[in-house]
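Pasting the structures here.
Paired with chain B in one complex and with chain C in the other, chain A is shared by the two complexes that follow.
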Partner chain A sequence: MDRVIPLDLTRLTVRELNHFLHHQLPTGDAVRVEILNPNGMHNLAVGLDAPAEIDILGHAGYFIAGMNKRANVTVHGNVGWSVAENIMSGTVRVKGCASECAGASGHGGLLVIEEDASSRCGISLKGGDIVVVGSVGHMSAFMAQAGTLVVCGDAGGSLGDSLYEATIYVGGAIHSLGADAQEEPMTAADVARVSELLTKAGITRDAKSFKRVASKRSLYHWHADAGQEY
Partner chain B sequence: MCGIVGFLAKKPEFIQSLGKHVVPMLTCMGDRGPDSAGLAVFGEPVDPSLRRFSLYAPDRRFDWSAFEQQLAARIGGQIELSALENHAVLIGSVEPIRLKAWLTEAHPTLHLLSTGRTIDVYKDEGHPTDIARRYHFTQFSGTHAVGHTRMATESAVSPAHAHPFTAGEDFCLVHNGSLSNPYSVRRKLEKKGIRFETDNDTEAACRFLEWRMSEGDQLEAAIQKGFEELDGFFTLLMATADKLILVRDPFACKPAVAVETDEYVAISSEYRALAHLPGVKNARIFEPVPEQIYSWTVSSRLT
Partner chain C sequence: MSEQIHREESFTFDRHVLDYIQQAAEHGLYDIRGLGAKRKLPTFDDLVFLTASASRYPLEGYREKCVSKTVLGTRFAKKPIELETPVTIAGMSFGALSANVKEALGRAATEIGTSTTTGDGGMTPEERQSSKTLVYQCLPSRYGFNPDDLRKANAIELVIGQGAKPGGGGMLLGQKVSERVAGMRTLPAGIDQRSACRHPDWTGPDDLTIKINELREITDWQVPIYVKMGATRVREDVKLAVKAGADVVVIDGMQGGTAATQQCFIEHAGIPTLAALPLAVQALEEMDVFGTVQLIISGGIRSGADVAKALALGADAVAIGQAVLMALGCNSSTYSHDGERIDATDDYHKLGTAPGYCHHCHTGRCPVGITTQAPELETRMTPEWGAKRLKNYLQVLTMELTTLARACGKSNVHHLEREDLVALTIEAAAMAKVPLAGTNWIPGL
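Up next, the complex of A and B:
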């Protein structure tokens, strides 16, 4: 059985908590850290670089598990803006809803939102994977460059606006596609990719029912002879 | 950056303890707005023949009893004044237009913060914690309240530029965001004879919505016109004598989170300002979506 280290935020400051997670986390053992009384506080468990299991027991604030490397962070509640922003590796799982910019600029790893994510989910994604079990808000995957956004529910307006090489899969309805995003046929490779990510996220859905959205690649370059209507 | 908070009590015990719930919300949001703060509280309506006015004096040693005597001599009628430092609530059978005219002439430094039958407004420069303490916000009771913590980005830091803004009677508005066309809105309204007290962008939104209501629109219809007229970023929290109303602009760049239980509705810029509320951890918590009008009506009264 894991050794559990409880860290109570009614006794510790956020700075002390993160200092402990960065410098005093025991290595070698199977350790699980429980963060108690998060009460919507920001910047919890940011900048981790250890194969630790972290459970945040309650609703948390902004930038939770930002820049995460190797750690597996689970939030047993909702999170505010920019959860797992710039995630590098490991897994961040939110049992509730996430506010704006979930997984913004993520380079690697996996972010799972078990309920809904708000607007700009996966904005500027750079290689990480995001699975949202519910729906996402408007402007999700805006300018996403690499990686995958899987939305089991519906997607809000302007999905994938100015998209680069990230791929979006949507199980429900798409309110509207953003500039330069287009729906494309699902190939066997796409079904396998969605299936793999759903399995990783622990979600049972029929991967074949998803739609694929990718870039039209017409905004990549500036065309000197394009209409100059500015 | 600014912070907004709102609270509507659904049970008498929450009406009585309104201030105790709202103050931690406001002081927590001091992190988002440390330069000034304000609170509008809505209580039991006074008799239709009366009005209540909130008054602000820049001078903390302002002589309110002399003021009361002058007012009684000049305007007459039934007058009741309760003052606290540089703030006073005046209840009387005074026509708002007459009071305003007299204030302009006899006490041009005084600022009329609010007019109505239910609303009291407090606002000033300084940290929200200090302002809440100075005006004894924790002792307030009321059906609903709207508060704001300001970090000024577009106009001066002054008591008059602090939120809530009011216009007309029993209407107030707080704003997180910035409008990009406040001057064109203002020019349009000024042509209709509507007067402004500051150069603040939020005042333009407040007076626009109040103008629409004075033209016969319900607040919801006025807000729909506001979506067409107001350009920029905004999360707006508004209150009337019996309603608390929240909207976010189409981009929804400025945050808001709401929680509703059988006992209260609470709104804030961030969840951490709500975390102390009873039963919040298992309550319905949601993020308002863009361009949707969220409205809650007062259903419980003390009397």
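Up next, the complex of A and C:
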């Protein structure tokens, strides 16, 4: 059984919490940290670089688990802006909803939002994977460079605007596509990829029902006829 | 009897404007180029020092000590930056510059005791290894940005904008996106790459406060956090940066350079460095943090006299970019190879330009091997040669600075003050908020 370390934010400051997680986590044994009374606080469990299990028991604020490496962080509630921004590896799971910019600029690892995510989910994504069980807001995956965004519900307007090499899969309706994004046929490889990510996220869903969105690559070089509307 | 022709060039549509209109009509493209504003602007040249005479006591120019040590980031960081000179090297990306150049900057900065700065595209091992004090930029694109390099940095510079293109984002044209550059930025090689104009994970000043705190938490509050902005609404922007928790504010005036952006930004956005600096100082004074939050000014700084004037107006340090490249040979007619000077004029001509006029950084075909990723060109500027040149230049700037400070009777360059300056033009007097020479008149006050 994992050793559980409770850290109560009615008694600790955010600085003390992060200092502990950066420098005082026991090594060797399987460790699970429970962060109690987060009460919407920002910057919890940021900059982790250890194979720890972190449970945040309640709603949390901005930048939760920012730049995460190796750790598995679960938020038992909703989160504010930019959860798991610049995530490098490990897993961040939000049991509720996420506000804007979830997984922004993530390089690796997996972010799972079990309910909805607001606008710009996966903006500037650079290689990580994001699975949203609900829907995402407008401009999601804006300028996403690499990695995968899976949306089981609907996607808001301008999905994948100015997309580079990231791939988006949407199970529900797409309100509109952004500049240079296009819907493409699902291949067997796409179905396998969606199935793999859904399994990793712990979600049962028919991968064949998803739509694939990727870049037209028509904005990769400046040219006069592009109309400058992107 | 010869026919007399009356020629009158239009002021509104002069030859320069005609050429612009006809080029636009011919190609349907706007101009993209490198470096900074070329138009005539009020500069530090429009100020002069009232050095000591009977009413002030000078220090002996060579033998009496004049301190140039500069400390940045004293507000919140546990480890402020300590420099031997207030002349720092501005952020310029690997991608815009060759890896050789980035290494040369690090070597020269380390030798002279100052800092250098990364740029869009992340931190190269060469520049980290060669730089004793390295400032790591956190830019909107987040190309190559990662927590490992963040923790290796001696300071973090959160870039909101730059003087050459405030509000405009950035670009690196495909010619310069080599396999290595593309790999660091997680993009396909050879594409025209866009750097976003807004950060992906925060928007307004309240978010910025939380973002700064995130960076501090990740780095355990060890290193200073700078906030860099292009000079537009300087007074308001500086106040917001201070409120958000910046240790150091960096203001980049419109003469600041770039590797590539639209000419309409370079020449028509932002305000001159001379106008920006007093506004930034005013903001710090109004918030009662002058001296607590340090101020770095950049944008067209060229000489030790410029540095001295910037410090007298209230800056703690300056950052230089274009002048660094010029010290390395930018716009020189020759480059160095095995100790010989090789003529590069033909390569300038192939770009449609000539030494002294080149601003073709965006093409990646830099004739002197500075703003390039082409293997055959980047060997034209070796780290050893470049570091020596740049060290000499930084040394001259510091010597000129201390010489002027001594002549003003100051034993520390940071004791230079506004009272040491007067302006030669009404415009400069109004912008710098110092009297017009020979008067006690400061327009606007």
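Keep in mind that, in the parts below, the second predicted complex is superposed on the first by the 223 of 230 C-alpha atoms of A that agree within 3 Å, B and C clash if a C-alpha of one lies under 4 Å from a C-alpha of the other, contacts with A are read in each partner's own complex, and residues count from 1 in each chain.
Criterion: a residue touches a chain if its C-beta (ideal position, glycine included) is under 8 Å from a C-beta of that chain, and two chains touch if they have at least 3 such contacts.
Model, not experiment: these values are computed from the prediction.
Visitor: For A:S118, using the defined touch cut-off, is the partner it touches chain B, chain C, both, or neither? Pick first, second, both or neither.
Guide: First partner only.
Visitor: Compare chain B and chain C by how many residues of chain A each one touches, and report the one with more.
Guide: Looking at chain B versus chain C, the one contacting more residues of chain A is C.
Visitor: Report for A:I5: first if it touches chain B alone, second if chain C alone, otherwise both or neither.
Guide: neither
Visitor: Of the two partner chains, chain B (first) and chain C (second), which one does A:H138 touch, if any: first, second, both, or neither?
Guide: First partner only, chain B.
Visitor: First (chain B), second (chain C), both or neither: which does A:R15 touch?
Guide: In the superposed model, A:R15 contacts chain C only, not chain B.
Visitor: On the A-aligned overlay, A:W81 touches which partner chain: chain B = first, chain C = second, or both, or neither?
Guide: Both chain B and chain C are touched by A:W81.
Visitor: Counting only touches as set out at the top, which of chain B and chain C does A:A214 meet: first, second, both, neither?
Guide: So A:A214 meets neither chain B nor chain C here.
Visitor: So, A:M67: does it touch chain B (first), chain C (second), both, or neither?
Guide: The second partner, chain C, only.
Visitor: Contact-wise, after the overlay, does A:G40 reach chain B, chain C, both or neither (first, second, both, neither)?
Guide: first
Visitor: State which residues of chain A lie in both footprints, the one left by chain B and the one left by chain C.
Guide: In chain A, positions 42, 61-62, 81 sit in both the chain B and chain C interfaces.
Visitor: Where on chain C does chain A make contact in their complex?
Guide: Checking each residue of chain C against chain A gives 27-29, 32, 141-142, 145-147, 150-151, 173-174, 185-188, 191-192, 194, 196, 200-202, 207, 210-211, 213-214, 217-221.
Visitor: Can you tell me which positions in chain A touch chain B when the two form their complex?
Guide: Chain A residues touching chain B: 39-42, 58-59, 61-62, 77-78, 80-81, 97, 99-100, 118-119, 137-138.
Visitor: Which bits of chain A are touching chain C when the two form their complex?
Guide: On the chain A side, the touching residues are 14-15, 18-19, 22-23, 42-43, 46-47, 49, 61-63, 66-67, 69, 81-82, 85-86, 88, 101, 104-105, 107, 120, 123-124, 126-127, 142-143, 145-146, 162, 164-165, 220-222, 224.
Visitor: With touch defined as at the start, can you tell me which chain B residues reach chain A in the complex?
Guide: Those residues of chain B that touch chain A are 252, 255, 257, 270-276, 281, 285-287, 289-290.
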